[in-house]
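Each of the next two complexes has chain A plus one other chain: chain B in the first, chain C in the second.
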Partner chain A sequence: MKRISIVVLAVFIVTSGWSQEQQSSGDTKGQLHGNVQALFQNYNPDEAIGAQVPDAKAAMNTFGNFTYTYGQFTAGVRFESYQNAILGFPNRFKGSGIGSRYVRYNADNLDITVGNFYEQFGNGLSFRTYWEPNLGIDNAMDGIRVIYKPFKGLALKAVYGQLRYDFDSRIINSAGIVRGIDGEVSLNELVKPWADKPLKVTLGGSFVSKYQSGETFERDSTVFTLPNNVGATGGRLGVVYKNFQFTGEYVTKINDPNADNGYIYKKGESIFLNGAFSKKGFGVTASAKYVDNMAFRSDRDALLFDVPINFLPAITRQHTYNLAATLYPYATVLNGEVGVSGELFYTIKKESKLGGKYGTYISLNVAAVNSLDTSHVGGRSELIDGYVVDSHGFGDTKFVRDVNFELRKKINKAWSINFIHYYFEFNTKVTPVTQDFKGIVYANIDVLDIQYKFKPKHSIRAELQSLITEQDKGNWATALVEYTFSPHWSFAIMDQYNYGNSDPEKRVHYLYGNIGYTKGASRIMVGYGKRRAGIFCIGGVCRAVPASNGIEINLTSSF
Partner chain B sequence: MKSNRILLFLAVFGLSILFVACDDVEQPIVEYGVYRSDLYGSPPTFEPLGVPKQRVLLEDFTGHDCGNCPNGHLRAAELIETYGEDVAVVSIHAGSLAAPLPPDYPDDWTTPEGTYYLLTQVGQDIMPKGRINRRPGASTIFSPSAWAGQVAEAIAEQPSVNMQVKADYQATNNHWNVHVFSEWLQNASGNYKLVVMLAESGIVAPQLFYGNDPEYIAEYHHEHMLRATGTGATGLTVFTNPSAGTTDVDSYTFDWNGEWVPDSCEVIAILTEGDNGRVLNVAKTKLAP
Partner chain C sequence: MKKNILFIVAILIGAISYGQGTSLPAVTLKDLDGKDVNTATLSNDGKPMLICFWATWCSPCKKELNTYADYYEEWQKETGVKIYAVTIDDQRTVNSVKPYVNSVSWEYEILSDVNKTFSQAMGVNSPPHTFLLNGKGEIVWQHVGYTPGDEEEVHEQLMKLAH
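Let's look at the complex of A and B:
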């Protein structure tokens, strides 16, 4: 372990030096940019928290992005290494090699990329590829992308390739081939007389198709013919009028028997509507979402995080404080859900009785998601389509309720506070975030975040969190203290305590501390302690992370 | 000019995708083995046996390059000699010893179903081995020397269902029809699957036979060789939670393969618990012309 730590420090020093060299070179023809991240963990046995210890007793994920730009050309490569993959990442990731490579030409309204690329059509309901290194998700396209803007107000995109599925010292793509087209028109840019109108309108449309060979499969003693080509068609509208904003997108998908939907042939459908009004110090938003059988992958037999073609964002707020974010995080149920959400925020004016010297920010966010309103008709129809939708309204099964209220206040130059109260009703049968309880968890969470800047460059931040529930693992409390000595040093210690667990042996303190050092664009963080099993989410995409006990070293650097 | 060309390319590309990249499957269910009453009339009638009749399936896993396997073939022949209609033997050519090995063993007698059975019933690429009614429990994969004892045990069990089968070959349309009559004698819970197998005898082809002189037999007579299943390896669910007294006739029409000799074929029907579970009962018949 000591040897690995030395290697990490060596990389840190080298990359820092490299960064300086680039800055002083003054090369105006070609430019090299990039970033490096290395995450090391060692694993100690800890029966009390059920910590997993891999055979190698340590793991390390490393990646480095290197992008070289020369005139209208850009070339990029990403080196990846999993020795072995950190627990919680796909354990099939292994070895070292090139995880991404591309060449891009961008000039005269024409943008062509060959190799790996990331792209999104609209909200992503029909197509989105992205890389999230902290979750181990990378469904990069490997093929060609053409973006063309023939004239102002019109953008056309075409993509063709395969999605990345795995990494074993090289990129391994999934079996299917994905191809898509997208067009977006800005009417105000396209029609000159409308250029200065307060009403701004954009229209878009897309079509995405996947090809995967196959002939027949058997289900319930019946043989079915597989569709080799599955397409999704979508349209979208965006409207802005003064302080009002509206976006809507509709995507439908033809018969796509797959592992997510139990190999049924029902057509898929998704609707996403967002409305917002905002002015200085006040805003209100409302969203509605309808998803029916919209898992869309380049491999019909894939599940979980593997090779998704589209992305269905969650309608609930993405929480950041630990207990709310990692115990009961909600992610879209791809097979079907109906949801609504709304948010209201208001900043109480400065110098008022409640606003004080700096004003006070308050917000209320509410989200509710249920199952689809469906019924089963039996017989041949059910064998093929699985179910029928009775309405686009709420079904009987509650998936989640999320109500949260936030108050943020800067009291004076030294003190500021943030208080949030959350109320969750969370169906763990539908979103299986725990193995200890199956049903609706009713939880109240309170968070008090206090920051004290006691002298220039020196600040202390403390978090006190409480989660009260009679279900699942019972009550939790979290306390965190973080001391920052700008611009280089930070120290933090956190304790999570499951004091309400019905099993006394599981009333464990998860104590974890870390030290961070930042220099320029590089940062190294060394932590040690217990990490509880939980759900780690970024942007509504969540992965289960097992409990661990050990040292963690995280190095990031960019140049 | 350049702009127009790019625009044209994108338009053609987009339209191409739109037109070719969707397979809207209007009738996804493959009507597999549906009985052609339009050609062959109503299914035949069956008279219940009246008395419980337990029959036994012996699955003999074998291969032409397996020198010990003919000993298994001999034990199987003795069992048919002893029990007649009450024992059905199917010789399943699968695994590495059944693979074509020209020039000595040029033929491929393997079938996808046989390979699947070797994987699910034996789990290893070893032979000669046999399963008797796929009876559950530890150590239920037997060498030929144990087959007689196991068959005797299995045939003495009380059946929960009686089975009969009728089958015919229709040369005009290249079809084979199968009618399976099931008569439940006890209540049962769960799903029960019907598997229809076709076995062919009298196939003359090379076989290795240790202890024989010569060991390489160029014109060995292969008997009861699994040639196909009409219903797929795992079968079709025909009963769910059946109660005592339930009777049913399941009829199928399958396509004939010209490589098979109708007069040398027999049809074996088995009812299993779920996918490849215990065989509840068996019925076999020669193909009627």
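Let's look at the complex of A and C:
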């Protein structure tokens, strides 16, 4: 592994030096892109908020990405350092070293990558590798990827390798080997006379298989053999017709006894459907999702965020305001769920009664997710398959309800407001986001966000948030005031108050302030104060971050 | 640890001074009709381009692009600029992109970077992140984040290119 890193670094350095010579003679330029992020946090004891203090009392995560392109060749390397890992990141991430490295050749119709790469087949139901530095998620493939476009309208992809599992001064891959192929046809590009037809159709199919040496295990005095190879197959369709769009994908997986499903042999199935209509000033979407036993990992014993091969995003909206986003965020239940959702976006016209001078934007979003409709049959088949599915409809257990309404309005050049109301019913037995309550949390959240731009480059923004619930930790209120001086400075102070907690000792104010300075593509942010424990999610993948009290410094830069 | 930081700072300084004037890496994105678009071929007939990374779940991004929308016609008349709004929405939210864009009537070219291949190749940490390219397709200026009033600086930079 080390040797590979050195080779990649060498290629990188040599090509950099070489290209600069070329550059001076006026030939094709080499291109360097990249970014750096350093996140430092110190931790002070604070019993009232349950802050954790690691032995080192401080932690720092650093990474730097460097991508160098010269003509048809690209080399990339990422330096990573955890001294130690910031709380909330996997605490097994340790040390400093190379966390990703690859070389890529990309000609007109052929694209080959060797080393680490990120790829997604279709909607990701069968295969997706990605990097989410803010959550510490990196399931990069380490191997080879070939993308070949033999003619216009057809793209073929093949991947072969292992998934990244851990970092301990170097990349540590998981046990299994993952192989996959994917094909996508764009009918409008393939069939010339259809090129300008309003109906656009894409068809795709994929097959992904993992290999992990299987052994035997015993359950109820029956001996089971674990399969060495597990495959998932899927097909998808995308249609765009004028103002309409439709996407659908179906993926099925053969027997895959694993830690998520309790080592049952039932096959897995997932369906994803989305339709939308939109025109100027108006948009509406409807989605349905069905997931049955679709945890698919390169190591059958892995759980949580580790080495997923596929990606099953949540059907609820990704919320941004603090109380709505980090107390009761929903993530897909991989073992099984059925969900539907719908969204509406509408801008009331300018110069109308309700629209005013600038128009008024409103949106409505609803989502409902339940358990699968299943039953237990007992006997030998239950021992092997666990349960049977009675229908593809809703089961009896409510997982989540999420209804939210947003109104956004620019009143005049100086003032604008944003109001959002959320209503949640959230089952904390199924999605364990809290230790304090097991059952359904009913919560109403209101957010008012007011911006006042009193000079062209100076603004003040205030955020008021309220969460009302009788369950879990009770009511919360948040107030934030932010002053920004474009393009460089920002100052913010926030207080979050758990005034409704049934335990008077936990009715704590979380006071936090920060100062940010931005110059071009670099930014430094220094914050100090108390941060509440929360669940931070991106794309339906969530990680719990414990409460903390201390200084936080975040430096980012891109080039 | 000190060594690591020194290493990063050294590379950073070198890279920043070297990075300006580079052009776009070649990545295949999809437009709103699902058609492949190679980022290396983005062009605007010798006039400037703005590439803005955004997502439907990113409030400052939407604020930024809604503000630019108020000025877009004026900027186009003055400088001929074309805006590419590259969404990094993943599979969870990507199907809401077109309905959202239509509902707020953005006139930008919308491209979807669903697995963040392009944003990573461009060195984007988190959105919003805006790149200004000159008529030759070279990156001449970039900015992270959005605070009200940043549009004034974008306009200044655009005018610098135009004259």
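Basically, the second predicted complex is superposed on the first by the 529 of 559 C-alpha atoms of A that agree within 3 Å, B and C clash if a C-alpha of one lies under 4 Å from a C-alpha of the other, contacts with A are read in each partner's own complex, and residues count from 1 in each chain.
To be clear about the criterion, a contact is a pair of C-beta atoms (placed from the backbone, for glycine too) under 8 Å apart; a residue touches a chain by one contact, two chains touch by 3 or more.
Predicted model, so just to flag it, every value in this text is computed and none were measured.
Once chain A of one complex is fitted onto chain A of the other, the partner contacts of A:444 are absent, as it touches neither chain B nor chain C.
Of the two partner chains, neither chain B nor chain C is touched by A:475. Between chain B and chain C, C contacts the larger number of chain A residues. Contact with chain C, but none with chain B, is seen for A:131 once the two complexes are overlaid on the shared chain.
Applying the stated contact rule after C-alpha superposition, one finds that A:314 touches chain C and leaves chain B untouched. When both complexes are overlaid on chain A, the residue A:501 reaches neither chain B nor chain C. Residue contacts after overlaying the shared chain place A:33 against chain C, while chain B stays out of touching range.
In the superposition on chain A, no contact is made by A:466 with either chain B or chain C.
Residues 108-110, 146, 148, 150, 156, 158, 179-181, 207, 209, 211, 216, 218, 220-231, 254-255, 257, 265, 380, 383-384 of chain A are the ones that touch chain B when the two sit in their complex.
Here chain C touches chain A in the complex through residues 1, 4-5, 7-8, 11-12, 15-16, 18-19, 21-23, 25-26, 32-36, 56-59, 90-93, 95-96, 98-105, 114-117, 120-126, 129, 141-145, 147-150, 152-153, going by the rule given at the top. Contact residues of chain A toward chain C in the complex are 29, 31-38, 60, 62, 64-67, 69, 74, 79, 81, 83, 96, 106, 118-120, 123-124, 128, 130-131, 133-134, 155, 186, 188-189, 200, 202, 238, 240, 243, 245, 247, 274, 276-285, 287, 311, 313-315, 317-320, 343, 345-347, 361, 363, 451, 453, 455-459, 484-487, 490, 516, 518, 520-523, 538-540, 556-559.
Within the complex, the chain B residues that touch chain A are 2-3, 6-7, 10, 13-14, 17-18, 20-25, 27-30, 32, 193, 232, 234-238.
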